[in-house]
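Chain naming follows the written order as A, B, C and D, and within any one chain the residues start at number 1.
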Amino acid sequence: MSSTWKNNIALSIFGQSHGAAIGMTLDGIPAGEAIDLDELRAFMLRRAPGNFPWATPRKEADEPELIAGLVNGKTCGSPITAIIRNTNTRPHDYGHIQFVPRPAHADFTAFVKHGGFADLSGGGHFSGRLTAALCIAGGICLQILKRRGIFIGGHVASVGAVNDDLFSPVGVGEELFAELRAMDFPVINPEAGARMVSEIEQAKQDGDSVGGVVECAAVGLPAGLGSPMFGGMENIIAQLVFAIPAVKGIEFGAGFSAATKRGSENNDSFTVTSGKVTTETNNHGGILGGITSGMAIIFRAAVKPTPSIEKAQQSVDLVANTPVQLEIKGRHDPCIVPRAVPCFEAAMAVAVMDSIQSK
Amino acid sequence: MSSTWKNNIALSIFGQSHGAAIGMTLDGIPAGEAIDLDELRAFMLRRAPGNFPWATPRKEADEPELIAGLVNGKTCGSPITAIIRNTNTRPHDYGHIQFVPRPAHADFTAFVKHGGFADLSGGGHFSGRLTAALCIAGGICLQILKRRGIFIGGHVASVGAVNDDLFSPVGVGEELFAELRAMDFPVINPEAGARMVSEIEQAKQDGDSVGGVVECAAVGLPAGLGSPMFGGMENIIAQLVFAIPAVKGIEFGAGFSAATKRGSENNDSFTVTSGKVTTETNNHGGILGGITSGMAIIFRAAVKPTPSIEKAQQSVDLVANTPVQLEIKGRHDPCIVPRAVPCFEAAMAVAVMDSIQSK
Amino acid sequence: MSSTWKNNIALSIFGQSHGAAIGMTLDGIPAGEAIDLDELRAFMLRRAPGNFPWATPRKEADEPELIAGLVNGKTCGSPITAIIRNTNTRPHDYGHIQFVPRPAHADFTAFVKHGGFADLSGGGHFSGRLTAALCIAGGICLQILKRRGIFIGGHVASVGAVNDDLFSPVGVGEELFAELRAMDFPVINPEAGARMVSEIEQAKQDGDSVGGVVECAAVGLPAGLGSPMFGGMENIIAQLVFAIPAVKGIEFGAGFSAATKRGSENNDSFTVTSGKVTTETNNHGGILGGITSGMAIIFRAAVKPTPSIEKAQQSVDLVANTPVQLEIKGRHDPCIVPRAVPCFEAAMAVAVMDSIQSK
Amino acid sequence: MSSTWKNNIALSIFGQSHGAAIGMTLDGIPAGEAIDLDELRAFMLRRAPGNFPWATPRKEADEPELIAGLVNGKTCGSPITAIIRNTNTRPHDYGHIQFVPRPAHADFTAFVKHGGFADLSGGGHFSGRLTAALCIAGGICLQILKRRGIFIGGHVASVGAVNDDLFSPVGVGEELFAELRAMDFPVINPEAGARMVSEIEQAKQDGDSVGGVVECAAVGLPAGLGSPMFGGMENIIAQLVFAIPAVKGIEFGAGFSAATKRGSENNDSFTVTSGKVTTETNNHGGILGGITSGMAIIFRAAVKPTPSIEKAQQSVDLVANTPVQLEIKGRHDPCIVPRAVPCFEAAMAVAVMDSIQSK
């Protein structure tokens, strides 16, 4: 039981990939916040498959219907619930693999946990499709945070071996985020972006998939948000980010590269800028002792290659307990990374919203 | 507020580095579990400074007193509370820096959050010393898990640029863990270990510090533990691991390297071994969809270099709001990584204990 | 923020009286449980207004649509979400009182908390209508509990000054519950029931309302469920029961009458019946130290008279800050007590389901 | 698992009656709050047995040692932990009844839940002694609330059949609370108090015990605290109050008597007093829809007669599964009610503190 998350705010995500609907309830949002549905739709469109070489041909309207929590377009202080009807379900695509788990998918573990009752169609509740619900929650939070001067943005930091530039402590901010939001394939360095797309197209041609890294930042946060120990900003962000399927790692600021450094290199000197205490560098990623320093929060998350590939794979028939060769014919993204960018922004937005709703 | 963690079990950590005592309450542990205090002490000794070049000369007995939850050496089903008296406190070591935050420490953010009332002596509640309390909780869980056939171990995976070998899906297990536990500087490859120690000694001579990576594994878990979405094994482990100060990243299985791979490389084929479904490789780190697969859970965590260094650093007087040069003379570890290994084992143990206490 | 409840299972209730829909998400229910929708509908019908003198003429189909968590009529282990569309909304009924709070309603406190953004139409999220969502959750739990030999039932224990007989330790059980379920006005003593109905009719004629008490019991629970201190059965049941609007008190077993007794009268002697330890009386209401004793759990809850009455009342215009005479013309129950019975059964069912999902 | 309570603040209570120590950790209290230990001691003394006919002769110093969370007498924002060493333990008093549960005690249910490993000495973790830990938490909160103009007080509302006057909406306030605090046997009507003491002395002479009711109020709260549904003030107070052993019922405002009333009697008219909206009566007990109205919060809790009585009782030998006659010779209160008054004030204080720590 854990599709219900409760800290200073609460988020409940429900639905299965090929069930009647997916959706979410977001509880604890203050009253009086205008929610612009067009802006929410635009945000969610960045997660939608689109007509891109890297995306699944499965098309879903992904139109969220807000059924609770708003009055005349503004939050009323009650839980906000939105649902998305699943219109383009094809349960039979997956019927034949019901007891043959796809490698690197949750099919096997869901089957062990829930037995034959697990909904394995298209990944059921474990499907990446559920991130649409996360994006509703995050898209709502983003609009509220924006009015408080807090902006969040992300980009594809790498695909396979190709790396984009990283956010710098200086350049990161809403201007750059707006540029990235406007791009189909959001990267800081367009040349790297072009090579990433090639990498993805190549993987697709090979009936294969490829992984990557997303970098996400939040700017405009006051210092002093968050808590020590288990409720720190890193803890909460990490807990939310690992709810996005395919994430296998997260790092903040200098992250794993901090582990290779000396203290004298990694420590961010304090300085006074326009009367405000800041740091000259941002190896700490905006968080010290679980609490915001006022610098940009920056994390990078590792996204494994899409498990569903056309290439033949070795699996097991869970009923017969015998080896089986598996070929997956469904509709899949050769690289989920570009579509995942708004999902990470959403996770960050929920975490930051949570921190400002604490006293 | 977040030094109280509550999921299927609950863990509350309290105390400040130079206060009267530190300690923890662990709630939700089943009755009838024998807790061997000598074994607990031995576990905690691995975290103690010892007489090693890499450790602070501050010596604390670190003797946990179990004041609640046991009857005749066995758990009685009530909360387990243990405290450690702080005997060797030197509040004056830190007096002069009370309003001059140490770079990369929580001094600044604690001051912003709690104002002049924050306990900044030795890091207060944010001190690495609090991991002793985590180790009590973890040490207790380890003993219980062992009786259920679940074993946890860790090693120094890297210091600076020097890398140890990593856990392999095949060799990882209690035998290797026992060897590692017996080593002052736990590594798989002793030659790499020797070079790491040199790296640390060099940093120390330079009045500097150095970071590293710890790798931690759990074996013997049944498949099917954990949950999807926010309460998955990765989410819970990450939430607990980021409670260890200095952690800036965590990755599971192939982790960030998965992001550079093709699906066909990264997907772990299913196979049947002695009638049991397993995977041939373990890029998934024992977790799929937040749920255990029965393979070893493996994570690596990035530990930044100890922030406290003797070298002069740039900081700010938070009262005068002016730049100040800071030199720290206290007692510090040039590299916290080897002493941190049991802390990560403890975090893993608490997370795994939590998962088996769920229905 | 608290329409999201999370313990061993989680329940999130959303929606406003005159919004698009109300509903609930129930998380943590085991997979493989058949949910009979007809049985659920029948359960909810007991809460529906019907054509009775004691009920509001507002008619809602109250047809729950299960949009997540079921596959082929069985739970799949993922969160269960159901919604009910609000079809018969009349926002204008309430428009004129938007800033004139109805005495004993949450209008005033909702306005203070959420300001002019509060949804006050028909009580918004505070409306008794939201108990339909609780009944979906409870109705699902009841079906699961039944298969484990646990049965829950309730009756109108009093209306105004008229009292029904109370559950006795001997007679209480599924047979009696089934009889009560079949009655429009569920009482043990039909003669008392008839007098209660008269009491309600009289109140209605007077443009007034009347309160009452509901008694609810659960039988078939094993001894040993629940916890001491904050998570005991009484604590959890009370926390859930006070979510039902109009409840002003709850008591277990002998309850407030225990306060008038001697220990020698109130203590329930232990005895052995067919090899099983039971108590001869049940003043403890099936709970000792927060943990089930195996005897029937019995509670009574005080339901205040419906606040909305036709009689003129004194209130205040919150904008002008001046006294205003208020007359309410909408559709209201002169006595909510009979319709509330299934709501209490639902709260009990969720609490008991929660306790058996703990390890 | 539930001796750890977590909402906007967290409270963890640990220890067993005859273990090494009992204590509590209170997390989420703002920094900078002065805690006067003498005042805390004075508060706890009201719970101490004293030399009164109604109290157990067991004497405990009940001296709380604050081992974490304070610096120079002020909170530092970190968890506050206090312990009380158990000095006057007599485990052998209870040895002979280890497997013969005392009627109306938690002995039986603790044994069923934890098996032979349960600590049954003196009630173990279920003992009324643990309320001393609750009083530490509450005593700390009371001091903080006082500085915010919020005052809490209580009195013995009844013992057996003898009733004290109840708090009136008009007279209730700090002046009356101060008078009550100064009394060994806190009642509004001293004549009733004298008769209650006789009632208790009579019960004692008879080797019996007697129950009663405590009434508790909080004044000075702003309107708008709390939440609808599961996190309302009533829900939270009830959840905390049922953590006090022997409580079998709770009611707010008019409580169970509201169930006998007409709406026109029970509804509290709104009025404007010195420019502020208030109600003329307080049948709602200061809470509407789970949210404070600004009027006094008033609850009454039913306390059952002390289960431990000298009179012979019928029980069962849980090992032999045979009936046994039980005579309890230990040290017991013939009436716990007067000593329980500060415990209820403590529970109220924690609940109110929790509500003001929410945003």
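We adopt the following convention: a residue touches a chain if its C-beta (ideal position, glycine included) is under 8 Å from a C-beta of that chain, and two chains touch if they have at least 3 such contacts.
Note that the structure is predicted; figures quoted are calculated from it, not measured.
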Between A-B and B-D, more contacting C-beta pairs sit at A-B
Note, CA centroid farthest from subunit A's centroid sits on chain D
Expressed in whole Å, how far the mean CA point of subunit A lies from that of subunit D is 46
The distance between the C-alpha centres of subunit B and subunit D, rounded to whole Å, is 39
Separation of the C-alpha centres, subunit A versus subunit B, in whole Å, is 26
Listed in rising order, subunit C residues that touch 2 or more other chains are 1-4, 8, 13, 78, 110, 113, 125, 228, 357-358
The residues of subunit D that touch subunit A in their complex are 8, 30, 78, 228, 357-359
Counting only contacts in the complex, subunit B reaches subunit D at residues 1-4, 6, 8-10, 12-16, 19-23, 25, 27-28, 31-32, 65-71, 74-81, 83, 110, 113-119, 121, 124-125, 357
Residue positions on subunit D within touch of subunit C in the complex are 1-5, 11, 13, 101, 103-106, 108-110, 112-113, 125-126, 130, 158, 160-161, 203, 206, 208-213, 223-224, 226-232, 234-236, 238-240, 242-243, 245, 247-256, 258-272, 275, 277, 279-280, 283-285, 287-294, 302-309, 311, 313-316, 318, 321-323, 358
